[in-house]
Amino acid sequence: MKILRLQKEPFTAAEIAPLTEGRSDIGALVTFTGLCRDEEGRLAALEIEHYPGMAEAEIERVVDEACRRWPLEGVLVIHRYGLIRPGEPIVLVATASKHRTEAFAAAQFLMDYLKTHAPFWKREHGPNGRVGDWVGAREEDEAAVRRWGG
Amino acid sequence: MKILRLQKEPFTAAEIAPLTEGRSDIGALVTFTGLCRDEEGRLAALEIEHYPGMAEAEIERVVDEACRRWPLEGVLVIHRYGLIRPGEPIVLVATASKHRTEAFAAAQFLMDYLKTHAPFWKREHGPNGRVGDWVGAREEDEAAVRRWGG
Amino acid sequence: MKALYFAWVRERIGLAEEEIAPPASVTTVAELMDWLKGRGENYAAAFANERTIRAALDRRHAKPDAPIAAAKEVAFFPPMTGG
Amino acid sequence: MKALYFAWVRERIGLAEEEIAPPASVTTVAELMDWLKGRGENYAAAFANERTIRAALDRRHAKPDAPIAAAKEVAFFPPMTGG
């Protein structure tokens, strides 16, 4: 099963239920939720701009590559755009497999690639409605994705 | 926040909600769910025996070690014992941190240690109520835990 | 071809999208950036540091030396910061 | 001291727990296993391959050379297979 979604609305952990429902051949389910931090009050909201059309296509390409690399029984990617408040979820990735090693590796691979390849850009909104700077790419993220080669 | 629990009853993904509720300083939440596979129909149930008292103590020691190694904002471990049917969850581990690298590493560390250090033993029950063999330890699990040193 | 701009590339240029018609001598993504720079100060500011700009052709990531010939849509944007 | 047995160690011995009183000459986990082996065929079968047996003293993992002197509770079991 493959669930890929782009949406403005928040989501909950319950979204992962369809991945394992009615299945008895899945031994491991890994989820990653990326959440909006308030950066000690410096941040009132994150604004996420995206490239409609390419965002969906790139998520699908990254997921297909993960499915080529690991024997996955299910994958879910939900990514939000628009205005996101501190404490709210931004992205949810879930991977289901027979064993945990593959599920963990695939989830990390997906996150590393989404961070650096999926066309989303974050901008910080400060208190009092001040629109702040675009978030810069992190060298750690570039380094993280290089470990997967290709 | 630290939630550690041993129980007979199934659980759902909703158990992780308290880790992030009301928090705006958590950027990454990783969960691992271990599920009972039916092994192509060979397995009607898993029976999990545990060492009451030591199981709780060992889970706490492993969690404390994870908290020493990574800056975690929250950890959850729920492990079941007793009879578990295919498709049901066996173990749930969740780690919350500012960044994803730490949350992923800590969740994998916890699973690797729980598999090899927490006093639980699995036995397979076959169709027609036949009580089968105790599950043997996997060399992969022993190898996985060695990568963390100590 | 259609050109799309995102995040601070969009802001500096002052446009989210436009139709462009580069001359036949412009054959690669890098050459297209150079050509766009000549269209005004706003473009020059957006593309001042080409190494910080990423490009896509028909919604696929494209390197600076990628040929633009067959593309119907080109996009320029900063390094991505999703997830 | 109290001795606990789990999984197939428990099954082979035929007991989940018992009080044991090893002589003073038995000072380590390994020596305790040897001493238990002498208590009957069931114990001998359980401890036949000592390398596959793990031990805990007062609910903490213990190596074969760990001294048992201060322990109130000892446990023997196969390698763990939780998670």
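Order of writing sets the chain letters: A, B, C and D. Residues in each chain are counted from 1.
What we mean here is this: contacts are C-beta pairs under 8 Å (C-beta built on N, C-alpha and C of every residue); 3 or more make two chains touch, one makes a residue touch a chain.
This structure is a prediction, so every number in the text was calculated from the model and none was measured.
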If a chain touches chain B and chain C alike, it appears here: A
Most remote chain, CA-based centroid, reference being chain A: D
Centre distance in Å when chain A and chain D are each reduced to the mean of their C-alpha atoms: 48
Separation of mean Cα positions, chain D and chain B [Å, integer]: 26
Distance from the mean Cα position of chain D to that of chain C, given in whole angstrom: 71
Of all residues in chain B, the ones touching two or more other chains: 34, 111
Listing of all chain pairs that touch each other, if any do: A-B, A-C, B-D
Complex contact set, residues of chain B against chain D: 34, 48-51, 53-54, 57-58, 79, 90-91, 111, 114-123, 134-138
Chain B-touching residues of chain A, taken from the complex the two chains share: 13-14, 16-17, 20, 22-38, 40, 86-87, 98, 100-101, 103-104, 107-108, 111, 140, 144
In the complex, chain C residues that touch chain A: 4, 6-8, 56, 59-61, 75, 77-83
